[in-house]
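If you scroll down you'll find the structure; I have some questions about it.
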Amino acid sequence: MATKQLWETRPLEFWNKAKELRAGWQKSIESVENVVGQGNCMWASAFPAVTVIEDNPVGAMMQNKNEPYARKARLASEIRGWGREICGYQGNCWGGQFLGYIEDGTPWPRRRMVVPMPCVCDQHAKRGQQARDFENMPQWMADMVIYPGPFDEERNEALLEHKIYCSLRPINDVERIFGQRFSEDRMKEIMEGNKLVREYAKEITYLMAQTIPSPLSVKDLYSVYTIGGLTKVDPEATVAFWKMVRDEVKWRADNHIAAVGNERFRWIEAHPPSWHYMKYYRYMEEYGAICLGSQYAHMMGGAPEFKPDGSIGVRENSQYPDGTEMSTREDIIRVSQGKEARSLNAFKIDEYIRRDAIVEFAKIMQADGALLAIWRHGVGCTLTRKEQGMYLKEAGVNVMHYEGSQPGDRTDLDEKRLLDQLDTWMQGLGFRRQVN
Amino acid sequence: MVQKFGKWPESCWTSDKIDWKAAKAITAGVDLGTGSAQCAIFCDGELFGWSNLRVGASFKQIAEEVIIHAVGNSGLTADKIGVIGATGFARDNAAYATKKLDEVHCHAKGARYMYGPSVTTVVDLGGQTMKAIRLYEWDRVRDIAINDKCATGQGRNIEQMCELLQVPITEIGEKSLDVKGDPEPVSTTCYNFARTETMGQFRPEFRAEPLTENEVYATHMLAVAWRMLGAIGKMQPLDPGEIMVYEDLGFTGGLAKNPGITKRIEKELRVTALTSEYDPMLAGAIGAALLA
Amino acid sequence: MDFKALVENRHEYAKAWKAKTGGKVLGWFEPYFPEEVAYAAGVLPVRVLAKHEPDDVSDKWIYASCYPVRDMVNQFLKGRYDYMDGLVNVEGCQWMYNAFEVAVNNKRKPDLFDHYFFLPDHTDAPTSKHVTRSELNVFKGKMEEWTGKKITDADLDKAIEVYNKNRLLLKQISELRRMEKPVIHGAEMMNIVLADQVMDKAEMNEILEKFIPELEAREPGKDRIRLMLIGSETFDTELEELVEALGGDVVVDELDNGTGYYWNNIIPQKDRLMAIGLKYLGRPKNPIKDNNWRRRPQHIFELAEDYNVDGALVVKQIYCHLHGTDNYAVWKILRERYIPYHFFERDMLLPVEDTTLRLESFMNMLKPGINHLAGWHKVFGED
Amino acid sequence: MITAGIDVGLEYIKAVVMKDGAVAGKASGLSGGVGRPAAVQAVYDQALAAAGVKAGDVEKVISTGKGKFDVAFSADQLSETVAAAKAAKIFEPKVTTVVDIGADEILVATIDGEKIKEFVINQKCTAGLGLFLEGMADRFDMSIEEVGKLEGPGSVTVNDGCVVFAELDALSLLNRGTDAKEIVKALNEACAWRANSTLNDIYKPDNGCVVLLGGMTQNGAFTKALERISGIKFVIPAEAVYAGAIGAAALAAD
């Protein structure tokens, strides 16, 4: 069933801009002399002198760029008490802090505070705690809230107050401990920018889902994925960049420019890919199979809601409530938390998103198959993955699982076994690889 | 499998200079491991004979045989040895033993005998377990770290890998060192994962060069070495603030004869291990004899 | 009293309880579950425990979790827990959450009641108690709806009384382990606590009240190496038994389902739900609930001091991400306070030789000469 | 039309030469490490000789198995599951599920016409079947044929999840004087539990006509235990060991 190229392809134009933005960010963290925070905290960007470095992308990048160094960092973590079968993102990242140098031998940008965040993954609850244990730096737990089922007004009230406290406390503490100033205006700008980026991201998702051939593969999307988070410090640049991406994707969709020229099989994934082995996307493309991403990949657009008419929206309760007074710091934080305390991005826990939405997602993406990774070392990444597979199979999607350690740790990823499994999957469906 | 690639040759030695009949005290130590068994006999503190055998289907049988091989044709028999210390996984099968001892202390003592009293770090690479032992001035064990449960059987792993790859166990270490730079190791989690990975290793990776023969060996040796570093690092210093120094490092056990592993550990720890005239596999038995 | 038999017969016990009272059985997973509210509604809260059984069905539903969770799934799928009318989980370990989800989702019992209770991971915030109070109220409402019985303050008071008494009795037994030559060893104590988690507390209180005088009349044992057990929850006493066979004794543990289960009590106040909530927020911290203020290491140190331990065993289940991430602080404090420890991982079965090697070497390291492989024969069932 | 299929497994290389849809010659040999390309050539030559044809007469060679890329002269390299499914269809046209149990891995695939509907592979933690048993047989000084005759359940059990722990358990039993035969029974039984775990992993098991292939079909104790535990009656073709190679040769003829 080998076919020739069916559609025209073109290189992406936003690529260079993305590279430039990423390089700029990399530079900004290398030269940090101010306070470096760790964690998933939007408020931190409203401190001009606080830079947020998340351990997940850092850990993933370490493994991706320099395997021996990442391995060494993990060993440094392991001998201090980090289980070797536990999350590699953090094993890498904090191992780096223990080693004290980055790959090229230059000093490690030391973090000076940590903001862990549980619930998406239990291992996030311990985020950075190792550094706190060894170096006595301040830590603020940013509790996330979950419960299954529909929105519950009664439960929401106390939970929302708790969440607001968890954001306000560190803001006040950072001012007190580090003598920094929190800028309310900056916070508002960031929220505005965030709103726009969500809109663009949502539209990109929609274009990828509805257009055959898809104008963008997730491989391309991932190369710009972190930019939303990385450039939080500069909302204008972020918004401008996402507008650029959206425009190009729209143009490609209108003109039938394909991401994969011989697209014959559309597949989706579950959540983080193996960041250290992205080659499998290209391998699958040789079979004419395009990856359209995961709920995780399309999370930029906010907690998704798939409407019966096939369009994609954002769950109302996760939006910033409109028209609310934002005069005090507390007001702003309150608005930034949205109406619902529950973390709607905690897609692994929320029953609706995990169980029903993955099937809806597959349908919206017009997916023929799903490749669900099961990670031995990552609880949040693996939780209920097998169950999801069953719901997808029930819905008629062809599912395959593959094993690895964790997206930031390639110890247990048997690359050749993965490729063999991909061969089986595709050849079993009658496709043959087309090597150019 | 007809040819045996994964086994160390058996050996034994008996002194022809010492007359055991003249000795005041004869002590012996046996170390009955899962893969191999050793025996060491001392006459008045001097090594009289030793043996190093493979373990077959019966632990009871090998427990008898190690003694027989160690005494050679000198006429000495087990009942004439006053004190016999037994250690190792299957020590319970040494019916003649007068004392049963734990492996860690035996290896520590044996290493001090073999490498001299300066030894502070002993790493035993055995068939099923791997132990790192920290000693201080006197023969008191300060801390021990044993492999994680999932990393059990590293010694056995190497044997099986040699069978699969059809390379003699005596050569795999040297060969694995003959590489330009260490490639990425196979899974360090579990030897079973490593075995699954072995198969694909000659497959050219997607748009990349396949590994060379020696590089494949290196991936396995590095994985074992890496697992051991995990245990070595977990040992605590005497004082919380003390920086661990691994000089005076001694390897014991079967894998100690595998430079592919020991050299890699030495490289990471930036030290050179001590050497000894004795077969490092004997450490447990020597220790048992001395402690008993 | 054979407490081990009570643990082993827990399914029969719960079934008999149901037949006798006509009440409902509620299975719970996480150590932070406020049993008092369910008990006040006339429900029997039973902890879901893992055991060792060949597992060939869980692969389809769950991947790679620790063995207790895999085994729970295995047992649910094989119908061992079919007598449970409801299941409740508390915010805590995600693998445990996964087991809970599978138990609910596999639809063996379509009318199974289920509830997820959110107890903040950040237990020290001023808002935490309000969240817990609100969640308790929601849970109380759910219980009332499910059983059709209104839970009055008097019901809550009674439940609090029974539970408080139970915890006091357990603590009383635990205090006996501080003796120089304890009359009760680790394995038996662990069995008592496990049995306690699967039985009607009122009944258990009667048993314990009879048992304590018996215990106090016992002859003190011989000198043993005093060890402390720190780490992941275990659902059997294999390790404790092995330690005893080798001449040691686990005199205290820091397990969630060990001392953690009964360590603190409810201080009565007018707002009953708040009183219950504060008890659970103030419990000895388990790794996921121990964040900003780091109370767990200090608690471990205090236990070690109080029970005069010679050394500690830090044992973690393989794939236990919570203990796998929390060991930094545990190792650090043990090291700083000069408490020798040995760390190892465990899984479904405890390999005897391998574990013996560890324990023996460790104990010999602590007190050279004391333990010449005492009890060696006992391990192997020889004379 | 003459085609050939070569199945390079973890432990053995199997080669089959097919003439107009029928097996004309077959051979097998050890699958080594570095020497594998040479071993493949030798086994292939034997198969050619058995079939009485020359290499030049063979129109197309397809290789399969874990080491499929080690066959330098093959026209195509196909997945072992695809080859096994093809072979199963030749042996038993009504086949609905094919199970391939070899040295290290177990593959289960449900078949829908020419396609594979669902496919599962064992988890890495539960790898190790034939090779593991062979290692243990060697340890106990038994032949692999003997191992295949010792049917469980015996008086003892070993870990049924992980072979590393199972080996430790076995040694522990041996240490305590348990009869080696009883231990081997436990090992066979544990392998069957492990394999059943993968069989249960299929979302919608189609147990209508299940064809069992691969090297482990030679171990009667194991297959009987697996039938007992899973409740499936397997169809075990006579050429089960050569299935991969036969499938590949048949695919070459397509």
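Quick notes on this one:
Labels for the chains are A, B, C and D, by order of writing; each one numbers its residues from 1.
Assume a contact is a pair of C-beta atoms (placed from the backbone, for glycine too) under 8 Å apart; a residue touches a chain by one contact, two chains touch by 3 or more.
Just so it is clear, the model here is predicted, and its values are computed rather than measured.
Listing every chain that touches subunit C and subunit D alike gives A, B. Graph distance from subunit B to subunit D, where chains that touch are one step apart, equals 1. The chain with its Cα centroid farthest from the Cα centroid of subunit A is B. When chain pairs are compared by their number of contacting C-beta pairs, A-C comes first.
Mean C-alpha position of subunit B lies 39 Å from that of subunit C. Subunit A and subunit C have CA centres that are 36 Å apart.
Centre-to-centre separation between subunit A and subunit B, using Cα means, comes to 46 Å. Residues of subunit D in contact with at least two other chains: 66, 123-125, 162, 165, 168, 171, 175-176, 203. Within subunit C, contacts with two or more other chains are made by residues 59-60, 63-64, 318, 347, 351, 353-354, 380. Among all residues of subunit B, those that touch two or more other chains are 89, 92, 128, 148-150, 152, 193, 196, 199-200, 203, 234. Residues of subunit B that touch subunit D in their complex: 1, 34, 56-60, 89-90, 92-93, 128, 149-150, 152-153, 156, 160, 163-167, 190-193, 195-196, 198-200, 202-204, 213, 216. Taken in their complex, subunit D has these residues touching subunit C: 123, 125, 157, 159-162, 165, 168-169, 171-172, 175-176, 193-194, 196-198, 200-203, 229. Residues of subunit A touching subunit C in their complex: 80-83, 85-87, 90, 116, 118-119, 121-123, 125-126, 129-130, 132-134, 139-148, 152, 154-155, 157-159, 161-162, 165-166, 169, 349, 355, 374-376, 379-380, 382-387, 390, 401. Those residues of subunit B lying in contact with subunit C across their complex are 89, 92, 99-105, 128-129, 131, 140-146, 148-150, 152, 234, 236, 240.
Contact residues of subunit C toward subunit B in the complex are 318, 335-336, 340, 342-347, 351, 353-354, 357-358, 360-362, 364-365, 368, 372-373, 376, 380.
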